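Structures for review follow.
The following pair of complexes shares a single chain, subunit A, combined with subunit B in the former and subunit C in the latter.
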Partner chain A sequence: MEDTVFNGGFFTTALWIALGVCCLGLLWRLVSWLIIKIGPDAKEVSFLQRLGAAIIGGIKAIFSKRLPGIIGGFVLDSLLQRRLFKVSKKRWLGHMLLFYGCLVLIVMHALHVLLADKLFSDYQATLNPFLLLRNVFGVATLVGVVLMTSGRKKDWGKVRPARLPIDALFGILVVVIVVTGFLLEAQKMSSPKAFNRMAEEYGIDEDEIKGLRWVWKLDYGVAFPDLKGEPDPDLLEEGRGYNEDYCVGCHSKPQHAFVSYPVAKAAGLIATSTDAANVDKGLLYIHIFACFFAIALLPFTRVFHVVADPISLVVRGAASSAPLSKAGRVNRRALAMDACIRCGLCDFDCSVGPIAKWMNNQELLPSRKVQATRLVASRSEIKAGQAERLAVGAHLCTDCGRCTDRCPVGLDLADLWDAGRGDLSSKGFPAPAVWVKEEPAIAWAEALGAELGRVPPAGPLTADRNQFSACVQCQTCTNVCPVVANSGEDRVDLAPQQVMNLLRLGMNDLALGSKMVWDCATCYQCQENCPEGIRVTDIMLELRGAAWRQLGPVRDRRRSI
Partner chain B sequence: MNSQDQLWDVAVVGAGIAGMSAAIFAASKGLSVLHIGNGSGLVFGSGLLDVLAVHPVKDSTVHEDPWHGIELLRKDEPSNPLALVGPKAMEVAVNQIMEALGKAGMPYEPSTTNHFVPTSMGTLKGTFGVPTTMTSGAKAFENKWPTLLIEIRGLREFSAAQMVHTMGDKWPGLRFEKIEFPDSKGVFELYATHLATALETNKTRQAVIDIVRPLIGDAKAVGFPAILGLSESTAVHKAFEDALGVPVFEIPTMPTSVPGLRLKHSFEVAAAAAGVFRRVQSVVTGVKFDNDIATLTLQDATGNQEVQAKAVILATGRFMGRGLFADREKVREPLLDLFVEQPESRENWHSRDFFAKSGHAINRCGLLVDSKWRPTDAFGAVVWPRLYAVGSILARQDWMRQKSGSGLAIGTAWAAVSAMSDDFGSIGGV
Partner chain C sequence: MNYAIFLGCKIPAMVPAYEDSTRAVLGKLKVGLQDLPFTCCGYPTRSLDLDASVVAAAHNLALAKQAGLAILTPCKCCFGQLRHAQRFLEEYPELAERVSAFLQHEGLPFPNGVKVDHLLTVLSKEVGLENIRSHVTAPRTGLKVAAHYGCHALRPSAVTGFDNPMAPTIFEDLVAVTGATPVIWPRRIDCCGEPVSASNPDLSERIARGKITSALESGSELLVTACPYCHMRFEELAKDMGLPLMLYPQLLGQALGIPDKALGL
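Now for the complex of A and B:
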């Protein structure tokens, strides 16, 4: 019957359309890896340079000595999902079941004409082990979907990776395909119509079919409405003989289809009506159209990562042996847009992750920032509020590199953040340490004075006045300060001991916009060496916090005027 | 290791020379030592270790032999802490600290007498322990060698011109040259420590050597402000001597000086080597005593914690170190409110003559201790059997005028730790 559905041309046309959409989608995404521009240096490389870098990079990776390592990494990280295993056994199991369930069903079932028939000389969908396995992997796929979608809150906590509607749609399609598959199989098992069609195909005559019908009712679960009571033992014996001759070569006992068979038994009660209503045809249409829809949708969903991630892992392998060219780096950032599956593993180890909860700003999280870098890079104008939230996240990043280290698909996230900061800066959202220096400290103090009451209060410093009164202006802090030591001709405006003196005099406003406060490397030399025990470094950091709270709004107000 | 998790033999409070020395002495006697300090006046040190140079202060009599000075002090001021320590214990103690500092990267010239070191003010400072980087200065003056002093433009705390102006008539061969430090063009003010670390790089050092070499002329020694390296001073000093071919010496500069930072760093290294456990950036805000155990409340950036020790050594210094606090009425000891011996009223704190050579009564106020260095009340009764006090917080001394600061700190630390460890022996603590 499967062989016949394509003859009508309708299915074939639909398949070609689906494949066409899929191919165009794939092409679009592949080309986008050479087009998307992220980072200020992206403007400095042409499309041809990027194409060249991609081709040369690919050739280099194939012929490099590191190829075994690259393949090893691919097996561990991609096929076996080593990193996910370390984080959550449950999610790992879900991922493995879903991926391998789908893979086997595609190879063994969907593409059996192309693959399974050729791989296995005795392949028959209705014959063991294939009969059993199809059920096993169908169930595996469903369990995988459940494990992957359930308990997200419990697995990830309050801060969890984004989920897009299109990805949810794809998940629903997978469930629909598998469920209709089971129903189709069950319907066929119990369907007298299907039995009759097969009998006709094999030219079984009227005499032979009587016993065979009894055998198929009792052993295979076909729901013949006219067969009631007990069969004549001789007739059954005879039927068994015909069954041996005609059927068992292609049909294992259906009980091995441990999902479909119980369904078939239940459906048997209504088999004649479903036959009459052509339910089989309806299910088949849903099953196949869901498949086509999924094919067409694939390049546009998160599932595209099955293509992007292996490539990303190869790029990581190649980049670890020799640094990428500028064009190569820009390509890698674009590839990251598709390779990132928003799995959120990076969020787990993020140094500033805990602050995200405290500040209630999820844009701080690496898994969110990946797409945000594209947003910042692509739109000429971004909404001010959103840009500021993104800027806070971008500039709070400590560049600790744990996200890069942790990424299961081999993204160079540290480079991506750096590029994103560059784009934010060029759109007027540089780090506070940069914009504070747009004006001298005295100008900030005056601007703050003019805006007082319209900006949040700075809050008191944790160091009390007694601490500052102990300051004897001995300059030890300045003497040991490596920032002052290395500032050369472009001197810091105030030396550390002068900042402390401002605080002693109660002129905190003047300290906020000081270059010294913002250039401080927080090495703690001043605090360690202060003979009076003043917490110089801690105070510098507090001043930055106060400046961010107060001067940030002052700057925003001035920009908006 | 957490300092809260164990009962310490000794808790030392204070991170000056007295506290650091007491911690090192106690640890080298095998006691477990918790050292608590927040900041330290060590950075104000010149690197020179005075034992006793002046006695009696009213006559400003300078002694070349500090031990003889202490003997005289014993007769004239028997209750002066230096007299109580005595010359023998003092010699052992100071030599032990100089040796420990040498091992920690700040070597001192072996010494038996006071030396007279030229200072940046153009004066001569009589002192006992001289860092090897400074010793040639004393020799150059003693032998009146023709000597070149190097002044650096922008380094405010050192003027070779002033030195030549002040010392020139006593030291005819003394002259100076002013140089521009490499890469300092356009920089108004230079800081000694920055120059010291810059000189630890070959490039900068060579550049300075190239500037100075043609200036030497007939000079038999070259003097620099004390900027020859921070943690690598021995190597930097040697590199200058090798390259210039004449003795090179450092001249101690105004506080905060590079040798002060070296001293702090070396004391910290020596304390670590002795096995002292240090709680830096912590302040002791309270002490409670019961029969055998003292409980100290520590405050740091994370809040309050309590630590316990069998003995406490108080080395919190005078007013600068906040070991003593003066209000409008009287001088107090703020941590334990110990008895402070002092003039009856504020009127008597200072003599009428501000520059009186004999000093002021307030300079000699402080804690009284018994023969085992334990603070007492006004009637001589000890406050707690194993609370000891050392260093400049003690009464009846004037370390600034006596030029005996380091000796007072190191000597009393040695004596108190000896008394304490005898006590530990008798109670079977160690």
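Now for the complex of A and C:
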């Protein structure tokens, strides 16, 4: 019966619009894989080089000896979600139910004219097993959504992977589509109007319909308001005969629709009023327009990963046999922006996970950093405060590579972080060890003094005046320092014993911006050899932390002026 | 003997042969290893945020404590950091309190009293030199080997307690066990240069070059390391300068008759 709604031009037009938006969106995303520039080396390759790399890469993957391996990896990682299974059985189950539930409903129900009717000669939505299965897969989809979205707080704690509002919108649409589907089926089951329409279609006459109505009230749950009490047994017997003749060929017992039928029974009391109010039409509109909306939205939400991820997995397979060209690497980073669905598996055993929680800085986590990388690459100017937070994430990453190993869609995250650091550096946010050395210590001290007046101690060791009071300026620390010995032409600005002397004199501000502090190799020769037991290296490290905290904001303010 | 093996970040990602050879050698010497869900030791974070670096270490120590295991790490920087964190937790009660609350929230115990040892210490003190010698089937007799100590295990000795910081012998003893001849070279306890390789590559290379020159001039035929950072620093440079480089468990593994493939060679 759904077919009839397409007879009107309205729905057809809406469908074409939705498909049009979807196709344009897809095209836009595909082209963006050749346009988005991430990493300093992205500027060195042209659009044509990138297009060439994509085409040649694709051809190579298809004709390579590794094709069986690539396909095998695709089946395990994409269709069976092997990596997700290893991390969370619950989320794996949710993903399988949601994906395969939706897939079956699309093939068997939404596109039944195109697919199901051709695949199964006897396909009827109201006939078993299809009647039963539609409910099974509807429920599977809903359970999938619940499993996928629940327990985020429990699984991740307070530092969780990013979720964009548009991602939630798609999930809501899926729920709306399935729930209105169930309600629509239930409404139709209990609707006398639907019964009458069918009876008319089959030309059932006045006499036949009396018994048939009783059969459909008792066995099929149609809520005829005028049928009360018990039927005449002969009339019922007669009705059963007509039912055999006219109906059972296309209608299994509705109890098999184990969700819709109880709803229909419950709704039976109000069926006549819902008929009068055209609720069926309202539900149908919501159901179908939600579908159209989902189609149009597909390229713009993370559901687009159904397209991007298989491609990403093929690229990983290809890259594991032969390293990608520069243009290929740049393309792969752009593809990663769409292939990453912020599933957060990478966050589960991120090496700096505990640090992210402690600092309460989610930008440390890989699932967040993917989008941050794009942001940094796309903005010509980054806001200072935001960039600082992104920079912390970029510079505290230990390059352990676990996220790359863990990524279920085969992203080369290690390469992405490297590219992101390059972009941050070129936009003025290199590692602190680099930017502190942009200015001489005296300039930092002046800027800091102008803002703060007196600079507080860098930390507990610096605050402890007893640490330095014993310093006799014997220069042992400087004499054993490999940095002083190997500093070559550019000489250290302050020798270690001079740094200690500044601290002894209470001139913390001058010590903070010293190059010596940041060139320190932390070999602990000075500390080990100090005849007075001063913890020189520990103090150098304390100064670094303070420089990062205190000079960072000064630098940001000066940049933004 | 049973340890939680702490590989850190660099070994799996950059020097996988170190993991392979360590597991192969310890397996042969009947040292049991367990893998726990360890994360970063906190060493790279120490430059920016001392508290965060202590938390990172404490989180790992707590995992070992919960499992009732001592930690064995082949990385000298992880070793140093874990030991430093233990010291800071003792030294700063206020920080220890905050760390304790954090760990409690994660369902982990406060990690006092966890034993942390470097691979070389376990081999030398726990397995024992004589025990190792009895397993040597293919001694590397005559090979002149320069052992590179690595700073973060050796110093500050008050924290690491690894060996005599001015005149250590542990690494040379372990080289001698393989049948090779340890070389006493002038810069054996000096820095490799790796910690400044990103922020000041020229300085880093000069330091490393000086070390390799010192090893070569002392007649060394092989340089051995026992830390992924030092190894990474020397890898290209040693090859360019004509000095073969190995990870210590690779040298030992060969002496124990373990096939090269299992040692990542």
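The criterion applied here is as follows: the second predicted complex is superposed on the first by the 436 of 561 C-alpha atoms of A that agree within 3 Å, B and C clash if a C-alpha of one lies under 4 Å from a C-alpha of the other, contacts with A are read in each partner's own complex, and residues count from 1 in each chain.
Going forward, a contact is a pair of C-beta atoms (placed from the backbone, for glycine too) under 8 Å apart; a residue touches a chain by one contact, two chains touch by 3 or more.
Keep in mind that what you see is a predicted model, and the values were worked out from it rather than measured.
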What is the contact status of A:474 with respect to subunit B (first) and subunit C (second): first, second, both, or neither? first
Which partner chains sit in contact with A:512 here, subunit B, subunit C, both or neither? Use first/second/both/neither. neither
Could you say whether A:236 touches subunit B, subunit C, both of them, or neither, answering first, second, both or neither? neither
I'd like to know which partner A:491 touches here: subunit B for first, subunit C for second, both or neither. first
Partner touching more residues of subunit A, whether subunit B or subunit C: C
Using the touch definition from the top, say if A:532 reaches subunit B (first), subunit C (second), both or neither. first
A:186 in the overlay: touching subunit B, subunit C, both, or neither? Say first, second, both or neither. neither
Considering each complex separately, which residues of subunit A are in contact with subunit B in the first and with subunit C in the second? 488, 527-528, 535, 538
Spell out the part of subunit A that touches subunit C in their complex, as residue ranges. 349-355, 357-359, 392, 395-396, 398-402, 414, 431-434, 459-460, 482-483, 486-488, 518-525, 527-528, 535, 537-538, 541-542, 544-545, 548
Can you check the complex and tell me which residues of subunit A touch subunit B? 470, 472, 474-476, 478-480, 484-485, 488-489, 491, 527-535, 538
So in the complex, which bits of subunit B are touching subunit A? 38-44, 183, 185-188, 191-194, 197-198, 255-256, 261, 264, 280-281, 283, 301, 320, 322
In the complex, the residues of subunit C that touch subunit A are 8-10, 12-14, 37, 39-40, 42, 44-53, 55-56, 59, 92, 102, 106, 151-152, 154-157, 165-166, 190-191, 193, 195-196, 198-200, 202-204, 206-207, 210
